[in-house]
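Please find the structures below.
Common to both upcoming complexes is chain A, partnered first by chain B, then by chain C.
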Partner chain A sequence: MTVIKPELFNSRSFIYRTHQQAEFAEVAGAAQVLSYAQQGDPTTGLIDLSVRPRIGLRGPNAEEALLASGLLHPQQPNTLTVSDEGVMVLRLGRTEYWVLALPGASADLDLDALQQQLNGPGIYPVYCHDSYTWLALAGENLADIMAKVCAVDLREESFAPGDLVMTSLARVGGIICHHQMAGKTVYSIFSDSASAGYLWEALLDAMAEFDGAPAGQNLLLVADE
Partner chain B sequence: MSSEMRLKAPMGLLIDREKPLSFSFEGKQYRGFEGDSIASALLANQQWLMSRSFKYHRPRAPLTMAGQDANTLVQLGGEPNVLADREMIREGISVEGQNYNGTLEGDKDAYLGHFGRFMPVGFYYRSFFKPMGVWDKWESFIREKAGLGKLDLEFKPEYYDKKYLFTDVVVIGSGPAGMSAALKAADAGAKVLLVEEMPLLGGALTYNRFDIDGLQADNLRQQLIEKVTAHSNIEVMTDAVCNAWFTENYLPLIKGKRMYKLRAKECIVASGSYEQHVVFRNNDLPGIMLCSAATRLMKLYGVKPGSTAVVLTGNDDGYLTALELLANGVSVAAIVDLRKEHPWPELLGAVKQKGVQVIQNSTVYEALPTKGNKHIRGVDIRSIVAEGEVSEMATLLDCDLLCMSAGYMPAYQLLCQAGAQLSYKDELAEFKLSGLPQGVHIAGSVNGLHTLDAVLTDGANAAIRALRNLELSDEAETELNCQAKPNFGWPIFSHPKGKEFVDYDEDLQAKDIVNATRLGYRDVQLVKRFSTVGMGPSQGRHSALPTARLVAKSTDRTVTQTGVTTARPPFAPEKLAHLAGRIFDPRRHTAMHHRHLELGAKMIPAGNWRRPAYYGDAAQRDRWIREEAEHVRAKVGLIDVSTLGGIEVRGPDAAELMNRIYTFAFLKQPVGRTRYAVMTNEHGVVIDDGVACRIAEDHFYVTATTSGVERVYREMTKWNAQWRLQVDILHVTSAFAAVNLAGPDSRKVLETLVDDVDLSPEAFPYLAYREGKVAGIPARLLRVGFVGELGYEIHVPTRYGEALWDALMAAGKAFDIRPFGVETQRLLRLEKGHLIVSQDTDGMSHPGELDMAWAVNRKKPFFVGCRSVDIVMAQPQTRKLVGFTLPPDSTKPEEGHLVLKGDKIAGNVTSCEYSSASQSIIGLAFADIADSEPGSKISIRVDGEEILADVVKLPFYDPDNLRQEM
Partner chain C sequence: MKIINCPLNGPRNSSEFVHGGELRQMPDPNNCTDKEWADYVFYSDNQIGVITEWWLHAPSGYWFIAERHTGSDEILRTYDPSEIFTHRVDFAEKVESGQPEEIKA
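Let's turn to the complex of A and B:
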């Protein structure tokens, strides 16, 4: 059996080298970290989801197209929805949408096909898979951790599940999305792909006082006992 | 080991007697307890002398026991200027005194005190400015004598960081007013952050005695703390200093090695007040302290401050201090009351019942020192005959402790930073604060209230005001009444022999302040700058009030008219590490970054990107650049150009937007073709360039310079906010990784990896654009000629960038492919005479100066900057960017070297490098227009030498463009 390694694929995470001790699985033609070997799940984990499928669209007709596709539509700007099939839809401002396959998303989900479908005048693709890295911070003390890198109030009472903010973290532009997975609080963070290594280190540094550690996507699939 | 003197519990709130600790001071071992400050532990061991004063090197000991004076500044290991009355002891720490010559006890510079009359205020301003240059001779001596502490130049930075905080209501200060406010606000549902500078809650309740029996403070403190700590809406932060107030309640809180940046909707300042000293001769002797310092010593640390005390007071608090001293075994020789009137009868009766002598309408005129001014041994008491004047008759009393209280000064700093004004109430002899901005509230003794009932009510009232703003309550405030008048109007008693200190930090005596006004410095701000009063570490906490009074009297004005000096942040000493700690410095890496490192690239910054300059060690830079350039010219090279800016312009009006933004014409640009794109600003100055690919009728992909793309994107979106064209503008720099595969063999390399694009020169000519797959990776292909050879820019989604690099390097192996860096690229494009915007242009360069008129379409009706371009190009041109050559053995000019025209500067060199293709040194430079024609000579000044270069026609290489159009 071939051991799955990132360099076996043309599509690679921007920070795959940081996952030296990880166990991978193939996801959408790339290697996704499942878990870190010889490590129990941390109470707070930082997970690299950069290779997970996602598409973006924007423009005056984007909303209409999204509604027609049957996706769960975020009613308000800067909010998100998560469907039972594991599809997360972000609404960034009024006319931009990202559609993302969360870990554990339905195997039938084909975002490439959806991208073809969500096409037409007044709809413009957004290259969110390549412009942005996707990191997920999951577990406890998330607002405290983010307060070390971000000036926005991300405490639960100000930043409820389903909210997202477009802001700056560690002086890099980014989008922070609050959702839940396997009973855990998750902040999905999208930020400049070229700064992924920098942000990964900055977040791990911020997590250190809370015993945070790198983790794989399994952390988002298994509920704490 | 010295003996200790500790009082029994409940004295010593802060110390844990079960945890003894050892430390050293001036090389001698001492013991204390966990919770002790350095100062309290030393005083417990009868070590009073802690430092020497700044100017006269006088022995100094704690004045406030609260970190509000410079008397306790000590050296802690490598860290100077540590406040010994705030820094807690730890096992094994080594503490030294500061600012002495020889030993702390036997400071050889103590003689300076005798020369005080030769060092009047501002003496160094007036003494060391002439003859010319004399300051240089004095400076090192003065700095040596005046310096505080020693810097550890081997210091290793420690980890400091920052964190944001958010709350509905922040309460600064956890005294009775602060806790009352916090509870009131929290009860109404507000989230409250209660910030306390000390390690425990309670403020004055932790050390002050408010009643004759001494029970009220402890009981109230326990009740309030119980409620505060149990309240789910209150978060408590002790050992934290709010160091400033910034607009809209943006507050820096310093706690340990972290700076919190708090955003509070409402801010209640209950910062308390500073007890004030009495100004009399020798008021700085060790053993003289504020009443609150003595009670802090007893109640917080269980340290008995002396054996026999005299209390000098202008208020009732001195009497309560006397009772506290008596309760802890200190005999009180006398209470010297500055006032004529008696305190409340029960209090007077209580002290008299204990046999304490009360001397009314009198002051300590002089403190009598032991040998070497090491401690107080007695006091000279005189009755007050007029404001600041005393009788001839003296009463001498022996004592080893003098506690004093002339009244209080509100801790006004944060509130004044918020915009509040201070005004002096003559009837109370006290400053009051008014004019608070929206969202800032005041409570407690900082608000001029001193009785517990009034302070508690005031705290609740402040919370009600905050809650009203938060729309959490419409409750009315409770009326309050406070009759206390703790300030004595003129606690300043000048002495013919001086040394009656107004400012302990700077050794400033009463006469120094008066003399400053007599020299013409009437404004208190000028007095401060001339005399340095208030400029020391305590920042006027004790000197501001007596200075205001002295200046007012000396200049025949009111104290309100005089005012106090501006209280700027930081409120308390702040380490640079708090500001510098964990500063974020983003860096960007391309998808191929690690491949460059593996290949030994010398990486250089390009904006916040890192790019390979060349591949090899820096010592052989010129060699690697030359070899890489020759390789590209002869075979094939590969460079990572992912940092190039990328912008997508899409929509029905995409071509129209391009046509308005860039100087060239784009309306008729064919699909599948690229076009050079130059951008000018509204002043007609060239600000960026790139290549525009027309992917579809309504779709352009345009590149921009690495450092300029943010600006280009900003300009496009800004302009379209006005134009309202139907167009979508997307910044895609990070979305694409890109390489330039260049050299005569580049097509051969590419052909091995591409099977869905016809790469023949006919099918894919120079300046064409195609899409296809390279090694199975979806790619945008651009035929470009930046380096002057057959070349392909290949842009792929970033996730595939590293795989693309690997595939090209593997395929190119058969053709001896070699990576080349950005320095090499600069040489190659220089050989082709291509300029780099911002390197070869400046803030004045218009297209005419750059010989780029060909890139400006004069027929189209508009582009940004078109009118300015018309105007500046119609002007007589004064300079031009020209190519020049020098023989290979000539001194090589560097970028920035000046080009001269006679004795005038005509321009400067913008690019210069040795070119093996040209066998000469080549460069670009701005030259006088008269010297811009090929065949002219320009004079370049290189490190003092003037060299003559030949102006030549560009390009230096392949003038017929045969190689790039292969």
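Let's turn to the complex of A and C:
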């Protein structure tokens, strides 16, 4: 059996070289980190989900198309929904939406087919895959970690699950999305792919005092006992 | 740090914002003179008082309008551009005059 490595695929995460000790699985024609082999699951993990599939759309008729396709529509700007099938929908501003396949999304979810379907006058595709890195911060002390790099109050009282903020973190622009997976608090962070390597290092540095460590997507699928 | 109240994202540090210049009536770009266009693009009044400006919240790519006092630098009000721009702005087709415009130094 071939050991899956990022180098086997043309499509790779922007920071695949940092995942030297990781186990991978194929996701959408690229290698996704499942876990870091030489460690148990950390209480707080930083996970590179950059290769996971996602699509975007915007325009005056985007909301209508989204509702017609049966996706859960976030009612307010800067909020998100997560469906039982593992589809996360972000509403960025008033008329822009991203549709993302979370780890553990059902296998028959085909976002490319959905992108074809979400088409028509007043709907414009938004490219958000290779231009954005997707990092997930999961576990405990997330608000304390983010307070070191971000000026917005991300404590639970003002940043509930289902909220998202577009702000600057560690001095780069980014989107921070609060959702839950496997009983853990998760902050999904989207930022320009050009700053992926920097942001990965900056967040790991901020996490260090809280025993944070790099992890794989298995951390988001297995609940703590 | 100064706080600017973004109509979409709420109060944020001013470092997240980019100034977009004073909101002014755009002359018809197809038919105005070069002088009128240059005046629109390059010159601003620079007076003391409350002015209406474009601002960009860079992390979300959201443009909005702010009313700011140029003396105290206080931002009095911010709002979505849809309050002003209720319908699409269109301009007339270019009228060919046949004569090149005179350019003075």
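Simple rule for what comes next: the second predicted complex is superposed on the first by the 225 of 225 C-alpha atoms of A that agree within 3 Å, B and C clash if a C-alpha of one lies under 4 Å from a C-alpha of the other, contacts with A are read in each partner's own complex, and residues count from 1 in each chain.
Please note the rule applied: a contact is a pair of C-beta atoms (placed from the backbone, for glycine too) under 8 Å apart; a residue touches a chain by one contact, two chains touch by 3 or more.
Predicted model only: the values in this text are computed from it and were never measured.
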Which superposed partner A:93 touches (first chain B, second chain C, both, neither): second
Partner chain in contact with A:201 - chain B first, chain C second, else both or neither: neither
Touching partner for A:112 - first (chain B), second (chain C), both, neither: neither
Which of chain B and chain C A:14 touches, first, second, both or neither: first
Which of chain B and chain C A:26 touches, first, second, both or neither: neither
Chain touching more of chain A, residue-wise (chain B, chain C): B
Which of chain B and chain C A:77 touches, first, second, both or neither: second
Which of chain B and chain C A:151 touches, first, second, both or neither: both
Chain A positions touched by chain B in one structure and by chain C in the second: 151
Residue numbers on chain B that touch chain A, as the complex places them: 161-166, 191, 261, 263, 582, 584-591, 594, 609, 642, 648, 650-652, 728, 730, 732-736, 775-777, 797-800, 802-803
Residue ranges of chain A in contact with chain B within the complex: 9-14, 17, 30, 50-51, 58-59, 121-122, 124, 126-127, 129-132, 144, 147-151, 153, 155, 157-158, 170-172, 192-195, 197-198, 202, 205
Residue numbers on chain C that touch chain A, as the complex places them: 1, 8-9, 12-13, 15-16, 57-62
Residues of chain A defined as touching chain C within the complex: 77-78, 92-94, 151-152, 165-168, 173-175
